[in-house]
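Per-chain residue numbering starts at 1, and chain names A, B, C and D are given in the order in which the chains are listed.
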Amino acid sequence: MIPAGVTPLDRPQMAARLARDIPEGWFVNLGVGVPTQVADHIPADREVIIHSENGILGMGPAPAPDAVDPWLVNAGKKAVTLLKGAALFHHADSFAMIRGGHIDLCVLGAFEVAANGDLANWTTSSNDKTPAVGGAMDLAVGAKRIWILMEHVTRDGKPRLVEHCSYPLTAPGAVTRVYTNLAVLDVTPSGFAVVEMVPGLTLDALQALTAAPLVMASS
Amino acid sequence: MIPAGVTPLDRPQMAARLARDIPEGWFVNLGVGVPTQVADHIPADREVIIHSENGILGMGPAPAPDAVDPWLVNAGKKAVTLLKGAALFHHADSFAMIRGGHIDLCVLGAFEVAANGDLANWTTSSNDKTPAVGGAMDLAVGAKRIWILMEHVTRDGKPRLVEHCSYPLTAPGAVTRVYTNLAVLDVTPSGFAVVEMVPGLTLDALQALTAAPLVMASS
Amino acid sequence: MIDKRFTLAEALRDIADGATVMIGGFGAVGQPDFLVNALADQGATDLTVIANNAGWNRETGIPKLLDLGRVRKIVCSFPKNSPAFDDLFRVGKIELEIVPQGTLAERIRAAGAGVPGFYTATGVGTQMAEGKETRMFGGKEYLLEEALHADVALIEAWRGDRWGNLSYRGSGRNFNPVMAMAATCTIAQVHEIVELGEIAPDAVVTPGIFVNRIVAIPAEAKA
Amino acid sequence: MIDKRFTLAEALRDIADGATVMIGGFGAVGQPDFLVNALADQGATDLTVIANNAGWNRETGIPKLLDLGRVRKIVCSFPKNSPAFDDLFRVGKIELEIVPQGTLAERIRAAGAGVPGFYTATGVGTQMAEGKETRMFGGKEYLLEEALHADVALIEAWRGDRWGNLSYRGSGRNFNPVMAMAATCTIAQVHEIVELGEIAPDAVVTPGIFVNRIVAIPAEAKA
């Protein structure tokens, strides 16, 4: 339970918090869902180049409803625009960028992240009726950094930060940083290190919502 | 020795003889040297698309001296032109065409061709001082057909069609057909089969210039 | 004269029962639905379909083939959100081979480039690695993945000429250029057929060497 | 503001002794001689050079590096017709790794695409296969070839923008786009620097993600 008096970040705030840490010049892939919102929070004067695995570098904001180009969608199948300087290419070239280690950062959602950086974000059952992996495994092993953007606990209050993932892995040891609605945590050799918490939250209270030991990051 | 009264083909005639057998619509790669001349003998009303391994499909004839584009050369580093319908691409894509089996025909020169189709055309010594293979091995294994265009014997009168290659191989079992200045021969499971000889030449006389058994092709 | 322009019926006529068919597209962009719908009419069955997903709208494209019972197996990365697929899969009436999206693109490209197998880090330490050969390079583990060929590729491009040269629009390249390389017979639907040379040599994305037949989408089918 | 435009000296300053350097070009087209000559001036030595050939004209480019004794090893497909290379090789003063041209292009692309190794039919049954691992696919033998990385790629393009997007001219692509993918630091000489957006999104051949620095060739160096 989130302690009384502590206000978790809402999704736009979570996206904005993560966006703050992306430096100018990075090539960034944003997963479907909340991670996509990160693009809306990058300061207008900071050039960050957004990659979409279906063959786009340099995506701009969503188009006005009357200016939609039906020939241009992102990985979430939503209409997008191109910035000046954008480039278009095919799927093998796009995943060469991902798998060849050229993407500086990929922001993904997750079901679970383990203290050793293991990521589970593609299926919640090893007997999934229709398993669907998409590009998650490629991104998880290929990008230079994987930052996870997710709620700290599930809707039922179950921790998503765990000692060992119970769901099938997307990739072992992939995650370097986690942004939740309560905290920012680094994955370190000694486990999750808390970089930042929302106002009013204590380490003990955060630990109670986390199924792996927390340490404070040395700053 | 070539028998008296028999006139071997000269190089333009050899190139023209081979060119006659290329059907419309084939994608053809022509090796450096005499094979390159094949392009000049394809009838003007027959569309054959010439590939160059440095990234060109649809090469046209050599440019007039005052119309040379210094930015456009073929695999032999000579200035070329582009036909309408030409395409430009990079080396990995170009060799994907070759190695992926998309080139209908590659015409190469050779030092030796063996009765089983083994090809030796890249070095005449296993201790070559500066061995240089270029794209020969890729073409020899990748093209759908390898036709060899060469003189029937060396300058010293040594046969180039042999039982077993004495020089280092470019590729085993690669050659399907040989065009020489004396004959056209198919590589068959029963060895070299003579398809055609220059006027006045007998099978016995050709056999005397060939270091592997010849049979007549059943037509 | 080389002329790869075909009528719709002629283009698809020899696709046989049991064929492996690649189908391009990502999201609604670059999907060759004009060809896929005609394949449904043509009647070939027992197909193996290779595509990034299993479609969604039941009225058109891959779901139409699925609902007609023409597909024995589908190879894809993301079969979610396809009611037609779900209905078959739930009752065991279709085989599924899940392939990570990048591995799918690379396996297809490998088939086109003459590479029978390659190693990748994608899937190591996950259930995708089950039954797969592994090998170490530089102290790190990789999976062996094999080339993925097809008998037929159905793709969509924007413009095409009679040699089969193609250009694309927007995010419409996606899987189309690599699938064109990987099939014995590649058939492209195009929005416009242009004269030879109108697609400039450095604007050709798929050279005609990878394309066997092109079919113009008639105006009435573009609604 | 992202700005990958560098002065010549700044672009090359951190190339270290012992570096592995890819150098693009095929024939006289697409050779980054403006950069290579500046690397000769910069002084880095004990280099491993990866290039399709070893040059020919001793006044410029790779032969200049060779004559200065800066190259420990060269990896290429066709070192013939280079007197500078011959002189060193004859007396055992340079190492040579011969790689078939297509294998060279594919090994470089593999490095850029995260593929540590792949199989190829090229070289099977020849002396290129000596010491190489082989594997059967579909009853046919293939060689294992490994990815070829570099610390630095020196390439030439026609136009470039401040994000590092590049377009090429004529047969000038050749090895340049794949080398751009395979190096830790890719430096491109370009004939013209243009405003962002002047290279249309579907005309970009090498996206800026593969390019770290671009240098404009001054008019006087184009003589």
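Following the convention adopted for this analysis, contacts are C-beta pairs under 8 Å (C-beta built on N, C-alpha and C of every residue); 3 or more make two chains touch, one makes a residue touch a chain.
Quantities reported herein were computed from a predicted structural model and do not represent experimental measurements.
Judged by contacting C-beta pairs, the busier of the interfaces B-C and A-C is A-C. Averaged C-alpha coordinates put the centre of chain B at 35 Å from the centre of chain C. Inter-chain spacing, taken between the CA centroids of chain B and chain D, is 29 Å. Work out the mean CA point of chain A and of chain B, and you get 56 Å between them. Of all residues in chain D, those touching 2 or more other chains are 106, 109, 113-115, 120-121, 168-169, 202, 205, listed in ascending order. Shown for chain A are the residues in touch with two or more other chains, namely 88-89, 92, 95, 98-99, 142. In terms of inter-chain touching, the protein chains here follow a pattern that is not a line, ring, star or complete graph. Across the assembly, chains come into contact as A-C, A-D, B-C, B-D, C-D. The part of chain D that touches chain C in the complex is made up of residues 106, 110, 113-121, 135, 137-138, 140, 142, 146, 167-169, 202-203, 205.
Listing the residues of chain A that touch chain D in their complex gives 24-25, 27, 47, 49, 51, 57-58, 82, 84-89, 92, 95-103, 142.
Considering their complex, residues 1-2, 109, 111-115, 161-163, 165, 181, 195-197, 201-202, 204, 207-210 of chain D touch chain A.
Residue ranges of chain B in contact with chain D, taken from their complex: 52-56, 69-74, 77, 88-92, 94-95, 98-99, 126, 129-138, 141-142, 168-172.
Residues of chain C that touch chain A in their complex: 26-29, 52, 77-80, 85-86, 89-90, 96, 98-103, 105-106, 108-109, 120-128, 168-178, 205.
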